[in-house]
Structure formats: C-alpha cells, structure tokens
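Letters A, B, C and D mark the chains in the order given here, with residues in each chain numbered from 1 onward.
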Amino acid sequence: MISAGIIGGSGYTGGELIRLLLHHPEAELAFVYSTTRAGKPLSSAHPDLLGVTDLLFTGTADPGVDVVFLCLGHGNSSEFLKQHAFSDRTRVIDLSNDFRLKEDAQFGGREFVYGLPELNREAIREARHIANPGCFATAIQLALLPLARAGVLRETVHVNAVTGSTGAGVGLSPTTHFSWRNNNVSWYKPFTHQHLGEIRQSLHALDADSGDLLFLPMRGDFTRGIFATAYTPFNGSLAEAERMFLEYYDEAPFTVVSDEPLQLKQVVNTNFAHLHLHKHEDVLLVSSAIDNLLKGASGQAVQNMNLLFGIPENSGLNLKGSIF
Amino acid sequence: MISAGIIGGSGYTGGELIRLLLHHPEAELAFVYSTTRAGKPLSSAHPDLLGVTDLLFTGTADPGVDVVFLCLGHGNSSEFLKQHAFSDRTRVIDLSNDFRLKEDAQFGGREFVYGLPELNREAIREARHIANPGCFATAIQLALLPLARAGVLRETVHVNAVTGSTGAGVGLSPTTHFSWRNNNVSWYKPFTHQHLGEIRQSLHALDADSGDLLFLPMRGDFTRGIFATAYTPFNGSLAEAERMFLEYYDEAPFTVVSDEPLQLKQVVNTNFAHLHLHKHEDVLLVSSAIDNLLKGASGQAVQNMNLLFGIPENSGLNLKGSIF
Amino acid sequence: MISAGIIGGSGYTGGELIRLLLHHPEAELAFVYSTTRAGKPLSSAHPDLLGVTDLLFTGTADPGVDVVFLCLGHGNSSEFLKQHAFSDRTRVIDLSNDFRLKEDAQFGGREFVYGLPELNREAIREARHIANPGCFATAIQLALLPLARAGVLRETVHVNAVTGSTGAGVGLSPTTHFSWRNNNVSWYKPFTHQHLGEIRQSLHALDADSGDLLFLPMRGDFTRGIFATAYTPFNGSLAEAERMFLEYYDEAPFTVVSDEPLQLKQVVNTNFAHLHLHKHEDVLLVSSAIDNLLKGASGQAVQNMNLLFGIPENSGLNLKGSIF
Amino acid sequence: MISAGIIGGSGYTGGELIRLLLHHPEAELAFVYSTTRAGKPLSSAHPDLLGVTDLLFTGTADPGVDVVFLCLGHGNSSEFLKQHAFSDRTRVIDLSNDFRLKEDAQFGGREFVYGLPELNREAIREARHIANPGCFATAIQLALLPLARAGVLRETVHVNAVTGSTGAGVGLSPTTHFSWRNNNVSWYKPFTHQHLGEIRQSLHALDADSGDLLFLPMRGDFTRGIFATAYTPFNGSLAEAERMFLEYYDEAPFTVVSDEPLQLKQVVNTNFAHLHLHKHEDVLLVSSAIDNLLKGASGQAVQNMNLLFGIPENSGLNLKGSIF
C-alpha cells in the first residue's frame, strides 16, 4: 500500500483527493493536514464523508509517507516545502502552479516533472516529484497536443473555455456569491490567464514553431467542469485530424475522442477528458470537456501517483459519472 | 412629486428601491446614501443602472425629503435614527425588523405602523411612519389572514417556505457561496424564525384565539422568490374558503387568488402575491408565492409610500414579470 | 461473478444501474435490453460511458442470467414478465411500483419481497425476487422507521420532501422544460402521492397503531436528490430519539445519523441516506437526504442484489460523492 | 392609442409582447391570436398575468388594428400573411427570419425594413413594415457596427455567444429537458448559425469590405440572455475604439458602452444592450450583453413600433432589471 498524505485538505481539490484516496485499492490515506481544522473530523469540512471515514484533520505532517500531495493554493507550496522536511523517499505531487514551468522546476533539491500523462507519461514514470497541471491548461492542451506534435499547429489558435465555480476555490468573493453567479456569465483575465505559460511550454516542446493562443476564460453558472473550444486553420481532412488524435491518445486511458458533439456534463465526476473534432471549411474546431477537480486537478494527481509508483494508471479512478 | 431618499443603497433591497423609484411617476429619487460608496455612481453597485441614471451615492442624507427608506439591516435602523435628524414632515419607511412589533413601534418620538396593506390599509393611509413587514412574514400572513379574520384558524398551522439567496442579503458566507448553494437545499432556524413574532401579532389582532404556527424555513437554490405552503384543519368546503379569501382581498390590487396550482416564478419580478387553495379531506392547504425583494420588501415599501401620500396604491408598481 | 441483465436501459435509473454494474467487483453486465435503441452503443444514450464500455443495447434478453433488473416505468413490469420467460434461478429486481404492496407481491408464480434493507434485511437475504422501494418512500421511511418500531409514532406526521428533476423521468413535459423548471418551485399531488401506500404498509408492519402522514411532495430546481423533513409530537428527549435511531441503523452501512444539520448535496452521487434529528419543544423534526437515483432507486437495487447473493452489502457501492 | 394585435401569443416572444403592450402608455392590446388556446385567458399560458389582465386568446385576428406582431416561428409568417388579410394601414412587425434578408424583404405587396434601430433608425421611421432582427444577430451586430462603419473591420472576427434556454423556444426536445440542460454547456451549428446572413448583410451595407465572422453559438444553463464576445485585430488605441462606439451610439437610448467588464445579468429583463471594449496587444475585444427576449426580440419589436408611429423610442420600455 502507498501511504499518502494531503497538505491542505479543507478546500475543493483537497476534498476530492481525500475521496479518491479513501477508495483507492492500493493507497491509504495516512493524514490530512490542515492548520485551520486540526483535530476535527474530515466530515466537518466535507459532510459527504460522514459514514465513510472517522479520520481527523491533523496539525502535523508525517514526514515518512510515500507521497504527499500539496493542495495549498498558488505560491504557498514552495513556502511550505521550505518549512517542512520529508524523508528522502517521499514523493511530492504539487497541485499549485509553483513548479510547472521549466524555470521553476528545480526547488530545494527536488526536480518536478510536469504531470500531464498525455504529454509526459514516460518521464512521469521515471520522475520523483510532480508539478500537476492547471485545470484550463489540461483541457486546452489535450485539445491541441496531437496537432502540435504533427507540426500542423502553426497559426493562431482561438480558445474559449468556461469553468465552474469550484475553479475559483472555496474562498468568498463577490463573484462567488450565489446571487451573483446564478444564471450569469462573464469573462476574466482576457488573453492573459496564468495557465498560458504551461500550455505554450508544452506546445513548444512538441513543435518549436507552434502558433500562439488567444484564450478567453469564462465563468459559468455551474459548479464543476470545463468546456473548451479551440479552432485554427487546418489544411487536412477531418479524417486526417481524427487519425492524429486517435494515434496520439492510443495509450491514454482517460482521453477519448467522441464522434458526437460534446456536452460538459458527460465527463463531470469522472477523470475522463472527452474530445470532439469538427471541420468547417478550412477551420478545425476541437472541443474538450473535463471535470476541473478531477482530470483538471485531483484525479490527474492520483493518475500521476499511479504512474510514479508503477501501478495501473487508472487504479482508483474508475468513477461513476453524474451526467444527470 | 414625492422626494425620496434611500439610506443603505448598495444591498439588494436598496437596489430594488432605486429601480422602483427611478421609474415611479410620482416620486423622485433625491439621494441614495451609502457610507461605503459615497461619490461613486449607483451603477458601480448595480450595473443594470448603467444608461438609466448617472446619480452618485452620497455620504450625507438630505434631512428635508418627503420620505426616507431605511435599508440598513436589522438592528441598525434605530441606531441610524438616533444619529441623524430629519424634518418634521419627513416620513420614515423602515425595512428592518426594528419597529414591527407593537412593543417596538414607538421610537424617538416616532410611531411606526406595521405596513402590511392587506392587514392595515386604512391605518397606513393615516400613518406617518411605517415598519415594513418581513419577506417570509408577508408570504405567510397573506396565506392566513382571511382564515384568522373568519375565526377558523384555531389549530396548529404547518408552514414550509423556501426562499431565494437574496433573502440572505449581499454578505458573504459559506452558505451563500455558489459552489455550496447551487443544486442544494437545506433548512435553518427550524420553528424559531424571527418573523414568527410579527406573524403571530397580526393573527392575534384578527382573532385572539388563533392557533400557533410550526414554520420550517428553507434555503432554495434560486435567487429570488418565496414559495410558502400552510395547512391546517378546516371544517368548511373549499368554496367557502375561497369566498373568504376573495372577500378579504377584494380591495387588494396585488394579492390574487389563483384557481390553478402555483409555481414560484409566476410572481418573480412583480409586486404580486399569488395564492391558491386546495382541500384534502379535512385539511386546507394554502399556497403563497411572492418575490422576496418586491412584495416581500422594496415593492411593498413603495406600496406603503403610495398609501402614505394618498396616490394610487399600484403607482410605479406595474412591473413586467419574468416567469421565463 | 453474478451475471446481470437490465431491461429498459435508456432512462435515468437504467443508466445508473449500468454505471454501477460496470464497476461492480462481483457482477458482470450481461446485457442491456432496449426496444428503442437495440444495436446502438450504450454511450449513445449515456455519453459519459464513452471510453468506459463498448457494449451495445440488445433487443433480446438472455433468459439465463442470474439477476434481471426491470427499469420499465410503473405498470410495465408485470406486462413484461408475462411476455418474457426467465430461467428458474433468475432473480428479478423490479424498480417500478408494481409489486411493492403486499396485495401485489405475488405475480406469475413469483413472490416479491419489499426491498428496503433497513426494514427487511433478513427477509431480503432469504428472498428470490425484490420489489425495490420508491425514492420518496425510501427517504421518508428512513426518517420514521425507528420511531414506528419504538411505538412512539402515534400522531400525524407532517412530511415535506423536494425532489430533483430526474425523479420525473426522462420523458418530456412542460414541467420538465428547463425554461420552466430553472429557478422554480412547485408542489404536486398534495397529500396523495402514490408512495404513501408503501410507507404506510411499512410503518404499520412495525406498529399497527402508527399515525398517518400528511405528505406534500415538491419539485425542486436541481437534477438529483431528495431532501425530506418529517415532524411529529414526541415526548422523549432528543438523546432518547437519537439512541433509537443509532440502534435501529446500527447494522445499516448506508444510513447514517448526523449531528449537524443536513444539506441535500452531501449525499448526491452516493448510496448514503443521511439523517438528522432536532427537537423543538415537544416536536421532533427528522431530516433525511438521499440521492433519488441511488439510494432511492438503482443504488438500493444493487444493495438488494448484494443481499440476495450473499456478498457484502456495500459491494460496488463505495461511490465518490459530488458535494460540490 | 395604437391598437396592436399579436399573432401567436402562447410562446416566449408572444408572452413578452403581451407584457410590454399591457403596460405601454400609448398602445393597447386589441387581441392575442392563438389557434391552440382560443377562448382561454392569457394567464392560462402566462400565469404571471393573473391579476394583470382578464383578456382571452382569440381565434380570429381583427384586420383593422394599427399594428400586428407576428410571433409564429421561422417560415410561418409568410404562410400566415398569405391566408389573412389586414387593412391597408395595418403595419406588420414580424419576429421571424422570413423577411430579414434583402432578397426576402418584398412579400405580398409589402416591403419589410430590417428593424435594427442602431443601424436603420431613419429608415424604420419611414417604413411601413418591419422584419425584426434575430437575437444573436442583435447582440453581435451591436458589437461590430461602429467598427464596420469606420472601415476597420477588415479581418476575420471571432465570435462566441451563449444563449439562454428561451432562445430555443417553448417546444420540448431532449436539449430543453431540465435534467439535460442544468449545469451543462454545449455548442450547436458551429460557424453556420442562420443569423449569420443578416449580420453579414448589415456589415456589408456599412463597409463592402468587412471581414467575415467565425461564430460559435453556445447553449447556456440559464433561461434568459445572450452574452457575446467578438474580437479581431485592431490597429488603433482603445480610446479610439471607444470614441467610435460612443459616437455611433450617441442617439441610441438602449445601447450603452460600459467602462467596466460585463456580466450577463446586468441587462436581463431590460431592453438594454451593454457593450464593453478591451484591448490586448493588437486585438480588440468587444463584449455585448442583451436579454434575448427583449432587445433580442419583443423589446426591440416594441422599439420599432415606437419608431414607426413617431412616439418616443423608449416608450413602454423603461423596465426594471433583475440583476439578482
């Protein structure tokens, strides 16, 4: 059994990790660290865990676990690692954006590998520590990687992606208020979202001449999920594009190409990414749907843990969806 | 023209009052006082007002207006009136629960009349100052007043009422977070909601032997509206009950008895209360739907202003609904 | 492995059964019968199954499976069983209301046991065929059974329960239209819901003098879940009531008493029923939350299958919730 | 008073027209024609009208009214006009797409002017009959017209727009089912929406060299409103762009440029279009929000009526919004 600890377990991604690890056949949840809730039951923050576990949040982290997941919010992971020592064999899987870019990937003697299995599966298998990708970054990269590898992503890509409210975290703000967000739509950070860096890094790793992205992130009036569209000029046929995607994702257990147009909910509560291709004149439209907390965060973190420890990639991730 | 001021204009009830008064044919909005937003345009808090008005929030209240509406939250109205003087002729319409009970109705030389037109229309016409009813209190009283007046409300009344998120105000809290409230339902303050006092006071004024209420308030996953059900033993026929209601509300321009079962949305964005009666064996079920911010707050406040100043009761209140 | 067939697999309960059985460690999905979709992939009706299974709907039912689940809508199960023969050893678990009442429980040589494990666990273990309870009936019985068994449910019980749109099935009607149901609330069948029969039958089996129910069913503007409240006079203390519930549900793996007030979403996407007790003066309020498609239908059907076949009651039912 | 008739009054746009005309100070609702509901009260289809009007749907259309609004669905208006005669002075305002394109604008002796006041105000004032624009077409044109007139819209425009469920009409279909649409997002008709024709026609009328549009229409999980974004290369400064918009819309009472980023709800239940400009590097992003049933349909139809009859353009259209 892999012993796993979670740092920062009262938020959304921490909560999903708890749920996944409690049901994981080859891992056991050693501790869930929370400075604000130490001593209280996990169900005090996550009432769905009532009857599932009697575990309490802890105020200390066991330094000898096999793997520790950091769910601390951007900028806090490096600070935490400075102040807390772990054993040499403890792997770190970080869910923040602190270590995703190559220039940030060496920290305190650790090297972090960018944990998108569809890009880096073999490197992840050999890695010790993982920088888990961003949610938008996952949805958008999965829509574009096969094109970049084929060297046909040379012009501007137009990306629109809408995320649920859990993407903004558990913190309170005017735009997370129900009265504001219900039945509402808006954009934020137009063309400057912080995930662009990791997306560009991956595309350029596959093709140094990849085109740039114009990405408009949207806030949707739902709780979970990301629905992304990306289109760009494409000279080939739809069948050629589909072949590129099918080949690229041939080994990927969670990334599936659909013949039918997508709806967001078909992936909610699962670790799947569903993709769909559509051609209109010389434009190729790729659609991509993920659950932002699973394939976009905690599910992918477990997928990375599975790869790190050499167990089946989908272990503990066969989740029942909730399309209705 | 009636000159009107609003104290506390950045919340939900203040916002609705601004909208109503800007369109009112016989009133003009003299000022909207806000300590936190003084100097900023009203549209900074209420962006739907962009293009409607260029008014700014003010940090001072004109003491000479004809009427001032207090939208300050419970407990703050009395404090405000202690610290701010108004002219002798300035009427005060208070939307908090500070002055609704008879024992609280005299304050600082002012006498507040309980402003439920369906109970107190003539007294309101003669009044100088108004304690505007609570939202749940309005929906529930309208379902029960005809029965109390007829002396047939002698046993326990079972009330369930669900309110939208605007009922909880603009403040941030875990239960106003979109991720929490979306698709969720819960109750709060079971059988002890603070509106019970004013409801009991009204029922006892009509019939000292009125039965008591068991009222379970619910939080719904929508923004606006209250849907209330109240049932109690009733010996008469459905037709007799309907006659009581039709007679009681004969003069009430906004309270209408429907032959068809209700849905909440049929009153949203209007000042109407829709009622429906149903008989099952010896039980009479009365359903009641209002918009919590209009008939349950700001719309009723304007209705009271109209009565105070002797203009048509529905002036400025012919609002287009938004059932879809 | 238990070989299982599903009759009527394109609706909501059929879809949930497919998902549960595909992941069940001790069952295998032998066929999913659908007259309208025979030959098409399961993912044509349930796109979340893309990448999970390549199974096709069939137009014939294998008569030799170990268990067959009927998801046919009320009134259609008996008709189906008249026209289709199964082997002697094939167990039938019916999700309609055709066989729930004692007077309907013998049909075509089969005897159906009412499949509420919290009421009938031992009888289910010995049974051959199961009449799976209704969704409202499950939520409400779980709130009341311990009181009935203790003989303290002798007065009228006041029940209000709100259900999601999946409770109404996949059929189209004006009240299932998004434009109608979004942000809306309404009741239906006041005090006469068809689940009252099975509820009364169970309560009377525990205590012939059980009081009657006044049950008001509500339509909520969410997709999944039932939130029920039931209150009645109770002479004992809250601690006494809690003891009754804890004892009654001591062996029940999915029915849990919470010290904290409930919210609907804490059970969504799980097979749990969460209960909460609250005492106000001489009134005991019991709240109950379930997922209408899981503990209220397909999850409970699998729980019954597990009991029928002598495998762990929670096998295949450790589901990750989706509180956010 | 302008006497007005409505043909097809039981759907969403017909319902909004009823509401608007009942409150219009210079129009009176002469009849609402409905083949399916003749003889029933308007409130049978629109329960929010209970207490507002006792009018009944009629099975005949008075041929002598001043203006008749056709709310019949695409393709049905021409058929209706073939079979029903109106007086010479009766103006027709058609809400379908039957007469919007120049090649369709002459029909049965009538000439239809395209009724987008922000494009055609003077022509509308002189017109006899109006082809009312489409909802997406309105939102998108308002975002682009000033740029086309200035001759700076020469490259491809990338448009994404999400609409509420009322945009799909009152008909039942799998994608209008609440269980499907709640919390869901999807696209439809990618790059081929039927409103592209009228948009292109308007842009070309202002600048024959206008660039083309790539428009991806989205289905949102809300009831009312359209939120559109359009971006394109732009060489000038943000201030120059804003000046173009302010000048272009100087006389437009309902089209307002906001300094702040938009949210959809700020225009819901109003006849306003709110626009916002943002510059990123050499890209100009124009955002546009309207209520699809008001500025996108029935509100604009009344605005056109006002212009046709020479009364103030905003008469009867000062509506209270419902941002919360």
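FYI, contacts are C-beta pairs under 8 Å (C-beta built on N, C-alpha and C of every residue); 3 or more make two chains touch, one makes a residue touch a chain.
All of these numbers come straight from a predicted model, not from anything done at the bench.
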*Tell me, please, which chain's centre (mean of its C-alpha atoms) is farthest from the centre of chain B?*
A
_Pair sharing more residue contacts (C-beta pairs) when A-B is set against A-D_ = A-D
_Centroid from C-alpha atoms only, then distance chain A to chain B, rounded to Å. What do you get?_
46
_Chain centre separation (chain B, chain D; CA means) in Å_ = 34
*What is the distance in Å between the mean C-alpha positions of chain A and chain D?*
40
*asked:* Multi-chain contacts only, two chains or more: what residues does chain B have there?
replied: 12, 164, 166, 179-180, 182-183, 221-224, 262-263, 265, 268, 324
*Taking the complex as given, what residues does chain B use to touch chain C?*
158, 160, 162, 164, 179-180, 183-188, 190-192, 214, 216, 220-225, 227, 229, 231, 261-265, 268, 278, 280-281, 283, 285, 287, 324
*Within the complex, which stretch of chain A touches chain C?*
12, 15-16, 19-20, 23, 46-52, 166, 182-183, 223-224, 253-254, 256, 258, 260, 262-263, 265-270, 272, 274, 293, 318-324
*Within the complex, which stretch of chain A touches chain B?*
12, 164-166, 170, 172-174, 176-183, 221-223
